């Protein structure tokens, strides 16, 4: 199975690298929104929790723009059946999961510094900040992998992905905002939020793994 | 992949989509060295029957079994079957060779790949992206991808589609050469391809 | 089946009884007076929302687990229950807002219960969006079921999370409505009757919807039998 996962990962990275469409859309979205907010804010920094909220809204919608791509592309380009015959179902899930995590990591790496710079964010607890962003992003990518598969099978059109992701990601968003906000405040932050995010990620990853075959395999 | 002979049997196969029945009561069997063709007008369910025989779709009624020594579990079937059809498309952004590397399972597939590329005349095009292939070249690549892992069962849905006469000749001669070691199932409307096979199942 | 059909028809007795009891028999509450009577509707309606959701979830799990398809149309049952659930969830929000306005002066508070019910509403919206997007797709049952199960499973995380988050973002609600209303015997029994009535009402509607679905399927499948 490990070989199959690598096989599919290598293929996905090659295909995505050559077209780069989804990454461009997500990154452009993040950049545009950040700059727009910074411009219209007129140079006055927002309070810490508002900064945290806006950051996560940008991350969320950047993710919504790109995280369904990895499955929707297979359906749109007609390669889903080829993939179905070439790689077993569990390996498909794990490789797409890893890809989405990598994709999310790239989005975070682009969005976060841009954001810190343009919105004059003062990070008080750097380690906690980084862990909050990383844990929140990981949870988001973990939960949305199977949702991307569902949306792809449902035709992948319009805002369906955002609509179905939102109820599931709400706990993640909430805790990520509160955790990030704590990292921007003077008081020492508690580690409970990070534990929550890791527990959530672990749990949803396992459930998704078990449910994936009902999405991917036809009747 | 075991060296015991394979046998594929289907009994009472029926498929309904929503409310409309596509076919029912289909019975068939094929063993290593035998071949089968499935014919019928467009929309009669040839592709669907192929998918059922490959274990990709479930029949509404009846069952299908793949046996080699002992019965093989359905989730494993695709590692014994070389499947291709109009809806099985290679990746446009990858070259022919990269698509082959993706689909190759056993470690020695590299040699097999080289030979197949030469046999089907795609050697000079191996490093071109598939989006630059003509439809005939794409079809040849699809066939290579199905034959690649030397599977004991071949299920080819409209294998001659888009092939010119040279391509068709190559396909027929390849099938002749492997006929004795494999089960070959072809879904087609082409009477020539139908003749390649032993028995015919008519749908529709 | 006949027994169920008979049992659910008891709603024709229970519901009027509940309404009469709620408006006439139960005494007005101490603080809120006659306005408190909304409790006899809000609590059962909220309960049915949860019940409908749970039934949908269980039907979805059974549907996916039923590999041989021996139980007919479990995905349809999940869908029907979800439809009822959606209506009742909206009604819960409406009756809850009215009650909140009466008790605390504001329509909406984002307290844990209100938040949970909004989450369920969002899940229903997502579920029906999937169903709508796949209207002519045979895979609809599996994918809708998988989504409902996934969403249902994330709810405990919410339940754990919400009380922890709220102290930091909002002041505690001063009054927790259910605990500060003193229920005497008549009020308690009215509430019990109301809860039972609405539960039977839910079963009744679900039963009718399931039968309709079965008949519709039968008609579609045997469309040409008379020919």
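Per-chain residue numbering starts at 1, and chain names A, B and C are given in the order in which the chains are listed.
Note that in this section a residue touches a chain if its C-beta (ideal position, glycine included) is under 8 Å from a C-beta of that chain, and two chains touch if they have at least 3 such contacts.
In this text the structure is predicted, and so the values were computed from the model without any measurement.
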Dominant chain pairing [most C-beta pairs in contact]: A-C
Centrality ranking, top chain (CA atoms only): A
Chain whose mean Cα position lies farthest from chain A: B
Geometric centre distance via CA averages, chain C-chain B, whole Å: 50
Length of the line joining the C-alpha centres of chain A and chain B, rounded to whole Å: 38
Interchain centroid distance [CA atoms averaged], chain A/chain C, Å: 32
Chain C, residues touching no fewer than two other chains: 138
Numbers and ranges of chain A residues touching at least 2 other chains: 218-219
Per-residue overlap in chain B, given as positions that touch at least 2 other chains: none
Chain A partner contacts - residues on chain C that touch it in the complex: 64, 119, 122-123, 125-126, 129-130, 133-134, 137-139, 142-143, 145-147, 149-151, 153-154, 157-158, 161, 164-165, 168-169
Chain B partner contacts - residues on chain A that touch it in the complex: 7-8, 10-11, 14-15, 18-19, 77-79, 81-82, 84-86, 88-89, 218-219
Residue ranges of chain B in contact with chain A within the complex: 51, 54, 56-58, 75, 78-79, 81, 83, 85, 87-94, 98, 102-103, 145
Chain C-facing residues of chain A, complex: 143, 146-147, 150, 153-155, 157, 160, 163-164, 166-168, 170-171, 174-175, 178, 192, 196, 199-200, 203-204, 207-208, 211, 214-215, 218-219
